[in-house]
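Remarks on the structure that follows.
Chains: A, B, C and D, in written order; residue numbering restarts at 1 for each.
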Amino acid sequence: MKKIINDPHTVATELLDGLVDYYNGDASLVSPGVITMNDIPDNKVALLVAGGAGHEPIYHGLVGKNFADGAACGDIFAAPPPNIMLDATRAVNKGNGVMYLYGNYAGDVMNFNIAEQLARAEGINVETVLIYDDVASAPPDEKEKRRGIAGLIPIVKLAGAASNSVDSLEELVRLTTKARDNTRSVGVALAPGSIPASGLPTFELDEDSIGIGMGIHGEQGVGVEPMMSADDLTAKMMDLIFGDDLSFESGDEVVVLVNSLGSTTLMECLIVLKKVKQILSERGVKIHDIITGNLVTCQEMAGLSISLTKLDDELKPLWDMPCSSLGYTKL
Amino acid sequence: MKKIINDPHTVATELLDGLVDYYNGDASLVSPGVITMNDIPDNKVALLVAGGAGHEPIYHGLVGKNFADGAACGDIFAAPPPNIMLDATRAVNKGNGVMYLYGNYAGDVMNFNIAEQLARAEGINVETVLIYDDVASAPPDEKEKRRGIAGLIPIVKLAGAASNSVDSLEELVRLTTKARDNTRSVGVALAPGSIPASGLPTFELDEDSIGIGMGIHGEQGVGVEPMMSADDLTAKMMDLIFGDDLSFESGDEVVVLVNSLGSTTLMECLIVLKKVKQILSERGVKIHDIITGNLVTCQEMAGLSISLTKLDDELKPLWDMPCSSLGYTKL
Amino acid sequence: MLSADAVKNMLIAVADTVIANEDILGEADRQLGDGDHGIGMTKGFTAAKAQLEALEPTSVSQVFTTTGMALMSTMGGASGAVFGMMFQSGGMAIASAEGLDAATLSTFLEASAQGVMNIGKAKPGDKTMVDALVPAQAAAANVKDGTIAEALAAAAEGARVGMEKSKDMIAQHGRARTLGEKCIGHPDAGAVSVSIIFKRMSEFAAA
Amino acid sequence: MLSADAVKNMLIAVADTVIANEDILGEADRQLGDGDHGIGMTKGFTAAKAQLEALEPTSVSQVFTTTGMALMSTMGGASGAVFGMMFQSGGMAIASAEGLDAATLSTFLEASAQGVMNIGKAKPGDKTMVDALVPAQAAAANVKDGTIAEALAAAAEGARVGMEKSKDMIAQHGRARTLGEKCIGHPDAGAVSVSIIFKRMSEFAAA
């Protein structure tokens, strides 16, 4: 697998350097693996995201204006260690507490739980909201086993907005938890990405098959099926979301995200979006806003996911707040 | 080649429908192949972009606020016919003329020249600015043979801003021509995309080779070389840009675009960006702003391009104007 | 001399034949291009046929320009402009013609080839449809004084020979350009179209 | 009984051995995982070795927790937390120990296994390093009254047998989970690491 890199073992640090360059004075690398905005106001309730590299633009590319205040970035597909998370916690802490917001993966939970304890021991007020939006990864009564996938984008966006309007960590946790609980996603996989260090594929899948509900690293979904049309696939994915425990009824307002996992084109995302819109219209569900593109990726993996976030009167103004980051910018 | 589509022959119309859905009330399909913003003010000097589908988000995804007023969209990799361009011209014309802005490809030039003549015959004031930013496609004294590649993004962005501040078509042409003349790009290709209708690759390239200066459809560049490191590759690309007829000197200010052609990851773009920044710093060239991501693509083609746009006192405020579109949003 | 109505029927027959050859044209383009030439020509000639069928022609010129406009306005891409212009420029040059005779055909073809080269900038030898169209024009010019059937037969033979010769050329335009030597042995897809078009015209006039 | 200094030297020897086995660990992970276990352990034990060399230890507990913190703070990922916790939890449980004897080792291993299972939620049989660590702990518990060399030999043998048994297990965690039956026949990479670690400790104590 040809890639435009220098050394397969240093991609994570090099891309983080490039990311800081991208922010062009708005954000800095304050310690190894830690990128934070330069102008976090005193007493701001801080939002910290974190995760392994290789899924760009998340998570470190979500640092931005009205977005995350900072991110702790690990090696490719590996959570950063607790001390890096602790460094990040210290860097974003402006005296009013820090909320951790990240995807529910074993390595991340382990390392960040340790960091949380260490930060608390230092007197920093830390709370965690775990993201688990993937309906295909476990039944509704086992949400703690669910993976965090592309639904993290609307959740972090809402949390970023909230973090700029609340005055307590508790309030940020409440709003973010609501955003999380109002978000459902399902993904499909067509072909694996490759691991930068080895060049090997992240998983195996037949040329004519599609993995319904598969995770972004190739984790098990709800079944492998023969390739099907975009419309049939979209209907199937929407059924999985509607079959979950969050209702989407006539009159509800949602944000829709159609996310490419890497090499799936915007052309395909738009064709899927067309069907999503039709299905939501038939239900009477109103689309408040739409995002599409490469937001949560796994290298050049082929596949996409659909996420729905239900807005209420409290979340809608948060959604409408402009924001800016490498991953997502809203005017 | 597995793709998430319904019918390989209707992808262009379906994706355009999906694009209108994406704009969620801000833009409409006013006639087949023609998407325009809904609120173009009377007497606005209109900006019309156009080209074949399959390269999303361009061109139709550049319709937006302080961006293009409308776009004419053709079939996959094919310019729309003159009458569609004429329909688009009529739709965006608000009495103060229409500027055509598109990439210098034979089919596009043929069809849009005819459209221009037809529009003029109807009394619509039309002028054209051709985009030819690819330094690897012809020598500086044969600019009319150069292809338009990712540099179109900063050029259309600046033109979109200008179109909202000028009061004559001539002034828009002048500013856009300056933006075009201040922009240089060079691309590299690692692997082809696939043609949706046939599933076949758009070109062939050895597994260990990289096409320097190759066009986005596989057009000839300046040479095929063995795969090399990101740093060496970036240095080579920057040399091609610096070797051209536009000077980039100490004190100059530029916008940098590192564009993925499809499946090349943001990780790779950021690693390249890091080196671009270093090379520019060594020259004393100041980076005013940076864009990176999948902006000008050719399906899931692997490769990327670097574009530099030199700003002056007139272009800088245009650059800083916020804008919003599927392709690029700036707060 | 063919009347406007006869020319209309002739071009409807051409449309049917082009559509029937969709796969052959697609295959020709697949060798050197992106394989969509059959799809494009079918799209164009389906539209042209529908417009011709609805037309009560007042001149041969009108029949050709109607065809040209239909192709140009539905196909898109380089080939839409080129094939549209082939009929459009030719048709406009014979605006005053009462019918289609050998001399009128010659005028038509001269303007047609010129129009295509003006818009597409391809020269003979560049491996495009010009390499069938220009020999067709040259052959027809030699029988200006013959019958229209003789002139169309000459044009068809010229186009066929030109199309065959295009096999030996190295492409200078479009995607095939990057193939270099590899495109030798395959005819240009657009030249195949031109050859099919004139063959069918000739058959129509001979019948 | 091993002094704090001896334990320090023992863990430096362990670090050297783990680093020397980078390729073997990478290959084991390549069969079932993403092939980076050798890289990760080398990173962690390189840091651990550097910190140990700079340390003038005041207790065996400190030697183990220094190792644990070094692993945990440099490796990242699930394995960084798990292997870090293996030394960290064990080390904290023997804070008052004067040196490392068989009883202390047993206390260490019990807390170590418990700490790993607490943080990672893996149970024996899930095909993780727990399947080497828990048998090591059980085996060492049986020779609490022996010498430290005997206890470490037992732990090493327990770890080896556990690692071998992991070949027959179906993974319940991490990437290998999606392989199902296909992972039978290959040992868990982390279990290989645990086995290597105790083997080297045992050799050190026997020398």
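Going forward, a contact is a pair of C-beta atoms (placed from the backbone, for glycine too) under 8 Å apart; a residue touches a chain by one contact, two chains touch by 3 or more.
Since the model is a prediction, treat every value here as computed from it, not as a measurement.
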Most contacted chain pair (by C-beta pair count): A-B
Chain centres from averaged Cα atoms put subunit C and subunit D apart, in whole Å, by 78
Provide the C-alpha centroid distance between subunit B and subunit D, rounded to the nearest whole angstrom. 55
Inter-chain centre distance, subunit B versus subunit C - centres from mean C-alpha coordinates, in Å: 33
Okay, what are all the chain pairs that touch? A-B, A-D, B-C
In the complex, subunit A touches subunit B at residues 2-7, 11, 14-19, 21-22, 24, 53-54, 56-57, 61, 65, 188, 190-191, 196, 207-208, 210, 227, 229-231, 233, 262-274, 277, 287, 289-290, 292-294, 297, 299-300, 302, 304, 322-324, 326, 329-331
Spell out the residues on subunit A that touch subunit D in their complex, using ranges where they run on. 9, 52, 74-84, 106-107, 110-111, 113-114, 195, 197-198, 200, 202-203, 217-220
Across the complex, what residues on subunit D touch subunit A? 30, 34-36, 39-40, 72-82, 84, 119-121, 173-175, 177-178
